[in-house]
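Common to both upcoming complexes is chain A, partnered first by chain B, then by chain C.
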Partner chain A sequence: MLDRMITHSAFLELVDELAGKRRIIGPVARGERFFYEEVERAGALDLAFNYCVYGPRAFLFPPTETLFTFQQIEGRFAAEAVVEDRPTALVGVHPCDINAIRLLDRVFEKDHPDEHYLSRRRNTLIIGLDCPRPCTDGIFCSDMKTNEATEGFDVMLFPLGAVQEVGASGKGGGGDPQAGPSVRADEPPAAPSQYGVVFGTPTGREWLLYSHKSTVPTAADERALEQYHRSKAAAFRRAIKTPSEDLPALLDRSYDSLLWEATARRCYSCGSCNLSCPTCYCFNIYDELDMTLAAGERKREWDGCQLPKFAEVAGPHNFRAKAASRLRHRIYRKAKWVREQTDLPGCVGCARCDRACTAKISSVEIYNQLAEEA
Partner chain B sequence: MSKPKIAIFSLTSCEGCSLAILELEDQLLDILGAVDIVNFREGMTERSWDIDIGFVDGAVSTPTDIEEVEHFRQSSKMLVAIGACACTGGINTLKNYQDETDCRRYVYGEKFEWFPTIPAQPLSNFVKVDAELPGCPMVKEEFLEFVKCALAGKQFRLPENAVCVECKKKDNLCLYEKGIICLGPVTRAGCAAICPSYGSKCEGCRGLVSDEALAAAGVNLREQYDVALEDVLADFRLFGAYQGSELP
Partner chain C sequence: MAMTTQATPPTAGGSLYIPTPARIRAIEDLTEFERLFELEFLDGHPLGHDPGQFVQVSVLGIGECPISICSSPTRQETFELCIRRVGNVTNHLHTLEPGAIVGIRGPLGHGFDVSEMHGKDVLIVAGGLGLAPVRSLIQYILDERSRFGRFDLLYGAREPKEILFKDDLTEWRESADVDFHVTVDRPDEQWRGKSGVVTTLFKGLPKLDPAETMVVIVGPPIMFKFVVLEVLARRIPQHSIYCSLERRMKCGIGKCGHCQANNVYVCMDGPVFKYGRLKAMREALE
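After this line comes the complex of A and B, so read on.
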């Protein structure tokens, strides 16, 4: 069910008005690829993007951040927390990344609520943009059931205009949805003429309704949405032979597989998979002193379980010293352990890990090879 | 506690790493407040040989270099190699793959026989080195961090991750996605991925991050990438990151 309809140009006007109140982050073309970047104006956004090289994670959980500053004043220790609360809007977030943010929300609010993350998150408006077709080759979001988002956004846009144009233009995002992955950033699809809007939160509803730029959906719009969903379901095909709900059991049987060693001999342990993953949330904490040595900052930075010293503890003892045990750990986290801990998918199938892998290791191939062995 | 006495020495090199210390302009006065620099050819004329921390840039590539580095070692409680030349031999090691006499004639002209040389090597081949600050040039912020750690009595640790980590943190598009074989996955981080950030492949000036990464490079170069092995070996040799005749 649609809540409202809005044209592409009216939506951009709304975002321009929003830019006075929030920093706007959205997809921007850089060379042949798209990246989430801060923009001054809505016109700088490329909402017809295929995928962004990295998810918008860095705007909620930055690569490096200061947790608190500290100093010694007359021999006494004093610390002051640093918490960011800058109003922000993430515009044009695909369902995979919305599902990833849901997981980050769950992780950072449970057990020890992380005010650094939660403060940014509370001040972030998320405007989702649904995907009518696969954004590129190699993705497996439909396997993970994360090519749709039911919550985690303030507003979700369905590019209904684009679907009606499918087959009409025959170029870029148009054409046969089965040929979907041919979309490239250097040949961007036409921007959809209008969006069907679904509200996710009262904040999203309030934002979209205050300016009267949207209209009430008609019966024809609802039919267009149904057609959109049918077309979308046909366009996404499964890549992993095992259904995602059976992956934990598959992994249970695969702990001692020879695959881990055989695949990991190619692994550099460079951590590119972790650091490009929208659901990875591990970090390392360290102190930075200034030259007085009496004051400084406690900081945290992204860490990753594939990095060689990730599991090194005092001793020093490294309980995952080998690349094979680290690779197995990552795959277990993504398809089994995180789901068991949070009840949410630990992997959203965006395939950024596979694309980022400098050794061309494919998680899809790992799952499928394990299924063949089992 | 009296201020630690610091010396900065140069062997075969461009002395760019010594200069990098002078380029720490915003922090230089703070550093001079915290330490006494007692011997620094690039920066002052006074000399003393009572040294707590001796920093050395440059490779050992002449018999004189050997004598000097032994003297530096004897005079310094702690000896630190700074820059690619001192840590891996650096760009000087390119001569190790050429005819020694030809090379010497090219460099020194007709009086080349007056200038004996040896294969360029890192400091650690001759003396005990207490710490290394690699890179071409060394990362001046890393030097600053080392000095702070020394003053605070804190253990200094080089980054033990690959350059890829820093590319990801900087939102860079991986050069492998463009089909370029970059040495980032095998090279020690700490440079803020400066070369890939400007579109150039990493050339490994900070040395190998681990033997395991090098072994993975051997496997991938033979099995995964469509690239001439010699070209990649040449990249490895540029800064002396790896000087073997073939990959493991």
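After this line comes the complex of A and C, so read on.
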């Protein structure tokens, strides 16, 4: 069920108004690729983007951040927390990345709530943009059931409006005018003329309704949404032979598989998979002193379980000294352990890890090879 | 005292990561590499820990590291940490004098479930630096002696010069409250005691009652494997065997991922685990 309809141009006007109150983060074209960046005006956004190279994780959980500042005064210390609360809007977040943010929310809320993350998150409005068809090859979001988002957004946009036909799109049945924007790498993608809107939170509803720029959905709009969902269901194909709910059991049978060692022979332990992953949240904590040596900051920075020293202890002893055990650790986290700890998917199938991998290690290939063995 | 419940760390100024200032009251050299630090919070509040829990110790400007608490909550308002100098933070701690202020976060993690040991015989086997985390439990049992049955304590060190807590050892040897034995792997000319690995001390043990004995094993992984074999051979069930794990911990509150062993965050579910659980954690003792 749709809550409202809004045209593309009216939506951009709304975002421009929002820019007076919040920092706007959204997809921006850089050459042929797209990145989440801060923009001054909605016109700088490219909402017909296929996918962003990185997810929006960095705007909620920055690569480095100060946890607190401290000062040594006569042998004692004074510390002051650094908690950011800058109002922000993430505009044009695909379902995979919304599901990734839901996981980060759960992790940072769980047991010991982490104010550094949660304060940023509370002050962030999330405007989702649904995907009518796969954004690129190699993704497995439909396997992870994360190509749709049921919560985790304030407003979700469904690109329903008839799009200008961009020639005969090679894949994905581009003949269907209701199916949303056709995206081709060799031509600038077209933005849809209008969106069906679903509210996720009262904040989202309030924001969209206050300016009277949206309209009440008609019966035809609802039919268009149904057609959109049918077309979408047909467009996404499964890539992993094992259903995601059975992956934990598959991994249980695969702990001693030779495949870890065989695949990890190619691994450079560079951590690119961790860096590009929207659900990775491991971090390191370290201190920085200023020039006086009496004051400084305690900071945290992203860390990665694939880096060789991640599980090293004093001694020294390394509990995962081999690349094979680190690769196995990452795959187990993504498909089993994080799910067991949070009841949410630990992997959203965006395949950023696979695309980022210098050695072309593929998660899909690993799951499918394990399924053949088991 | 609420056992096995995890104290929520104080949230200073909205951040879980800000440590609470504590003063070093006393420092004692234990060996060439280990020192015992007695600490008290500046505001005087007790640490309020369970035996087996740990704290994060900060030297601001240098960093933070996890250290197990080696004194019992029954004993004093202060608390003690046995610190081996091995990294940046611990090396810096060894340069400090009494009166210096350090930062503490904790107590963190889950310690020993002492209520489960009440009324039971207890056998503690410690190897090397593993004596530090179990010392909190040893002191607790000695202070609450009537609540426990027979108490045996076995300790193995590599060399005489590596033996920790020598004053305690003298006290335990003379005490009627504990049957204590120590051995070293490599004796020197002055050593008058037993020699050999810690499992050799099992020969002197009385027969253990499998239904009435709780066993605690803390030491390096290689020692753990041999000791657990001795204990299992005496028909002690897996749920009656405890172990404490060492891991690198950055946050200490189940987020940063560094201490993860298979599906377990050691800082949250541990560092103390039952053997039955450890078996399913293949990385725990590798």
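The rule is short, and it goes like this: the second predicted complex is superposed on the first by the 348 of 374 C-alpha atoms of A that agree within 3 Å, B and C clash if a C-alpha of one lies under 4 Å from a C-alpha of the other, contacts with A are read in each partner's own complex, and residues count from 1 in each chain.
Everything below uses one rule, namely that a contact is a pair of C-beta atoms (placed from the backbone, for glycine too) under 8 Å apart; a residue touches a chain by one contact, two chains touch by 3 or more.
Owing to the predicted nature of the structure, the values given are computational and were not obtained by experimental measurement.
After overlaying the two complexes on the shared chain, residue contacts for A:75 are found with chain C alone; chain B is out of touch. When the two complexes are overlaid on their common chain A, residue A:293 makes contact with chain B and with chain C alike. With both structures placed on the common chain, the touch criterion links A:265 to chain B but leaves chain C unconnected.
Contacts of A:276 after superposition: chain B is touched, whereas chain C is not reached. More residues of chain A lie in contact with C than with the other chain of the pair chain B and chain C. Of the two partner chains, neither chain B nor chain C is touched by A:86. In the superposed pair of complexes, A:223 makes contact with neither chain B nor chain C.
By the touch criterion defined above, A:253 lies against neither chain B nor chain C after alignment on the C-alpha atoms of chain A.
Shared contact residues of chain A with chain B and chain C: 289, 293. The part of chain A that touches chain B in the complex is made up of residues 30-31, 33, 35, 53-54, 58, 63-64, 265-272, 275-276, 289, 291, 293, 301-302, 304, 307-309, 323, 355-356, 358-360. Residues 8-9, 11-19, 21, 42, 58, 60-65, 84, 86-87, 90, 99-101, 103, 246-248, 250-251, 253-258, 260-263, 268, 282-283, 286 of chain C touch chain A in their complex. Residues 27, 30-31, 33-34, 148, 151-152, 154, 160-162, 164-165, 167-171, 173-174, 176-177, 184-186, 209-210, 212-213, 215-217, 219-220, 223-224 of chain B are the ones touching chain A in the complex.
Chain A makes touch with chain C in their complex at residues 67-68, 70, 72, 75-77, 79-83, 107-108, 110-116, 119, 255, 281-287, 289, 293, 296, 298, 300, 303, 305, 310-315, 319-320, 325, 329, 332-333, 336-337, 340-341.
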